[in-house]
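Next up: the structures, one after another.
In what comes next, chain A is part of two complexes: it sits with chain B in the first one and with chain C in the second one.
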Partner chain A sequence: MIQTDMVVDAKGLACPMPIVKTRKAMKELASGNVMEVQATDKGSTADLKAWATSAGHQYLGTTEQDGTLTHYVRKSNSDEIQDKTYPYVVSNEELETLLTNRAEIVLLDVREEAEYAFGHIPGAKSVPLGDLDADLSMDKDSLIYVICRSGSRSDLAAQKLTNAGFVNVINVVPGMSGWNGVLEKSM
Partner chain B sequence: MSETKKTTIVLFSGEYDKAMAAYIIANGAAAYDHEVTIFHTFWGLNALRKEELVSVKKGLLEKLFGKMMPRGADKMGISKMNFAGFGPKMIKHVIQKHNAMTLPQLIDLAQEQDIKLVACTMTMDLLGLQQEELIEDIEYAGVAAYLADAQDGNVNLFI
Partner chain C sequence: MTVTAMTAGELAKKVIAKESFFILDVRNEDAFEDWKVEGENIQYMNVPYFDLLDGVEDVLDQIPTDKDVVVICAKEGSSIFVAEMLSEEGRNVHYLQVGMKAWSEHLEPVKVGDLKDGGAIYQFVRIGKGCLSYMVVSDGEAAVIDATRMTDVFMNYANELGVTITNVLDTHLHADHISGGRKIAEAVNGVYWLPPKDATEVVFEYEPLEDGRTISVGNTKIDIQALYSPGHTIGSTSFIVDDAYLLSGDILFIDSIGRPDLAGLAEDWVGDLRETLYRRYRELAEDLMVLPAHFMMIEELNADGSVAEKLGTLFAKNHGLNIEDEAEFREMVTGNLPPQPNAYQEIRQTNMGKVVPDEETQREMEIGPNRCAVR
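And now, the complex of A and B:
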């Protein structure tokens, strides 16, 4: 099960209700959070994808089980446009080289669980930004690379980790939005 | 997000299925955060009629028109396979079977989503329909008001 912040039940409803319900619920959702929409309408996948893109939200993916489609959408987050302030950064390409050379690094993916589930770098560890405080069990000296979608959440995470006493923290910019390497799914 | 987009639909037809298509698109567009206007003219006005008989003063011709046209969305016929009223019964049955929404429900949803429902006053005069006979919370306007919405619309449909 993928952890989400809100569940919208649109099972059994026909077009246009899944979209109408999603839009209504989306207003209640905090930006940056993830919503799952359960629907049985076969057209809802294409509808939701198009709707989310047009509304500026991030469509993550859809799973199907026993005829029920579960769509995952992350509400657009205007905070992500903010300036990145953490000074130590590497590019996606540099990270890829490190991974190919099997360097001794910890790769932290600080995106939401659903974003991670629909595509992450093999070997990356999922620790959503919100859960970072609870999960600081790594060795303080380990070489930590932090990645998110655009480099903003990982920027915050890198600052958090540095403040918590980690000494080798590096932000990957831009992150998954520009990642062309291998992807792995976990569902 | 950029500025609000607009969808305008002219509902000219008075058939259940055509009105249903118009209202489904309208409700979908509202979910896209469009500003939506449905301009009801000619037979499309019948979708806005109240189901109950409203007694208003009318001439003979207007009375006849009023009697011959469907009173409200639920009474409309369908454009194909109407079979003297049996067609609409069938279509309502399949709507229920597939959990889709009926036309009156779609109209309620449209009002809930703040879709602007406009009745064309010129055709209301022609068909002898009066404001008292139409549902509440709708607007009354003519072609200029419609064009004002449509000229900067992103989606314009004539159904």
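And now, the complex of A and C:
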């Protein structure tokens, strides 16, 4: 099960109702949070994807089980256009070289669980930004690379980790939005 | 003001009559780009329904008041939703009943001509998808050629004409639509014919359609002669009906020719295609009326909605029949192929009887244009 922040049940509803319902619920969802839309209308996949793109939300993916489609959408997050302030960064290419060379690093993926599930770098550990406080049990000297979609959430995470006493924290910029290397799914 | 349902049949009649009208297509942009209701005098606007959920004020002044307006979506739900909003703004509008799903399945029967010893040949125009099927009728019997999945239409039509379907034929193993041939043959206890070279993997019984084989319809002598004409598929077979009509399958169309790649063998089959079009067909009488299994553009429809042209005219006008240089021909049919039809591999598997998808899945598999030609 993928953890989400809101579930919309649009099962048994025909077009346009799945989108009408999703759109209404989206207004209640906090920015950056993930919604799960359950639907049985086969056309809902293409429509939800097109609607999300048009509305500026992030369509993550769809799973299908026993005729029920589950769509995952993340609400657009205006925070992500803010300036990044954490000074220690590497590029995607530098990270890829480190991974190829099997460097001893911890790769922390701070995106939401659903984003991680639909595609992450093999070996990355999923710790959504919101759960970071609860997960500071790592060795303070570990070499930690933090990654998200665009580099903003990982910027915040890097600052948080540094404030908590971690000494070797590096932000990966831009992050998954520009990642051309191997991806792994976990569903 | 009012919202009126329009059936796919009513819409087909408007298209055939080349009426001028307005379509507001509320499917998403990719779906509209891929496939839409085509017509010579249609004015289009595509705005996805989800951009109109808050109201239609923004688009209202772009929707004409002096011609018919038809709102279209995939299955009808969203088009009704948008049509009702337009109606609240004082407009009279139609929506397409059951949407593009119905448009994809609608068959418009057209009589192509009479046969010499009595009897007639009918064409079933699947206007939304560009597929053409045929019924040859004589003396109480009928043969159906290249039947679509909507088998009731053929069986009901035969009933209306008071004839019994005795033979069912496919010119080749189709890749763009699911054949209804076997189902009809089973229902009427008739014979199902397939070209054996296309049928090497089929998992059911059939009668092999071999070159030179003759099938009679009724007691009068209306012969269907099989003419081996490979190229679109290795088994592709054409039929000459009553020495007057050439059913060319997916080998020769009105304004294009068949593509050789849908079974993954373009390089192998291009030579066959050339041989069929430039030698075998050249030996036939030029006044044969060519009846293909597809049309690509709405402009290929005649005024009565039929798709037919004399072989001699096609030799003069069809670009694909007029490429002297063999290398250039090869390049044209293998170098620049359009995208393949939706789910074409699954459709071939279904037509071989290897998989049996449920009806809803079959419908989904066939969505979109046929894309069997190169031009």
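Following the convention adopted for this analysis, the second predicted complex is superposed on the first by the 187 of 187 C-alpha atoms of A that agree within 3 Å, B and C clash if a C-alpha of one lies under 4 Å from a C-alpha of the other, contacts with A are read in each partner's own complex, and residues count from 1 in each chain.
Quick note on the criterion: a residue touches a chain if its C-beta (ideal position, glycine included) is under 8 Å from a C-beta of that chain, and two chains touch if they have at least 3 such contacts.
Because the structure is predicted, anything quoted here is derived from the model rather than measured.
**Q** Put chain B and chain C onto chain A via the superposition and say whether they clash or fit.
**A** Verdict on chain A: clash between chain B and chain C.
**Q** Have a look at where A:G56 lands relative to chain B and chain C in the superposition and call it first, second, both or neither.
**A** first
**Q** Would you check which partner chain A:A14 touches, where first means chain B only, second means chain C only, and both and neither mean what they say?
**A** both
**Q** Just checking: does A:V106 make contact with chain B only, chain C only, both, or neither of them? Give me first, second, both or neither.
**A** Touch status of A:V106: no partner.
**Q** Just chain B (first), just chain C (second), both, or neither: which does A:V90 touch?
**A** After superposition on chain A, A:V90 lies in contact with neither partner.
**Q** In the overlaid three-chain picture, which partner chain does A:M138 touch, first (chain B) or second (chain C), both, or neither?
**A** neither
**Q** Considering only touches as defined above, state whether A:K42 meets chain B (first), chain C (second), both or neither.
**A** The answer is second: A:K42 touches chain C but not chain B.
**Q** Let me test your reading of the model: by the given contact rule, A:R23 touches which partner, first (chain B), second (chain C), both or neither?
**A** Once the two structures are laid over each other on A, A:R23 reaches both partners.
**Q** Please state which segment of chain C collides with chain B in the superposed model; the candidates are 91-99, 127-135, 163-171 or 199-207.
**A** 91-99
**Q** Share the list of chain A residues that count as touching for chain B in one structure and for chain C in the other.
**A** Residues 14-17, 19-20, 23, 51, 54-55 of chain A touch both chain B and chain C.
**Q** If we count contacts the way the header does, which residues on chain B are in touch with chain A in the complex?
**A** On the chain B side, the touching residues are 1, 24, 27-28, 30-33, 98-101, 109, 113.
**Q** Help me check something: in the complex, which residues belonging to chain A touch chain B?
**A** Residues 12-17, 19-20, 22-23, 51, 54-56.
**Q** Please output the residues of chain C touching chain A within their complex, sorted ascending.
**A** The contact residues of chain C facing chain A are 28-31, 48-51, 53, 73-75, 77-78, 81, 360, 364.
**Q** What residues of chain A sit close enough to touch chain C in their complex?
**A** 14-17, 19-20, 23, 42-43, 46-47, 50-51, 54-55
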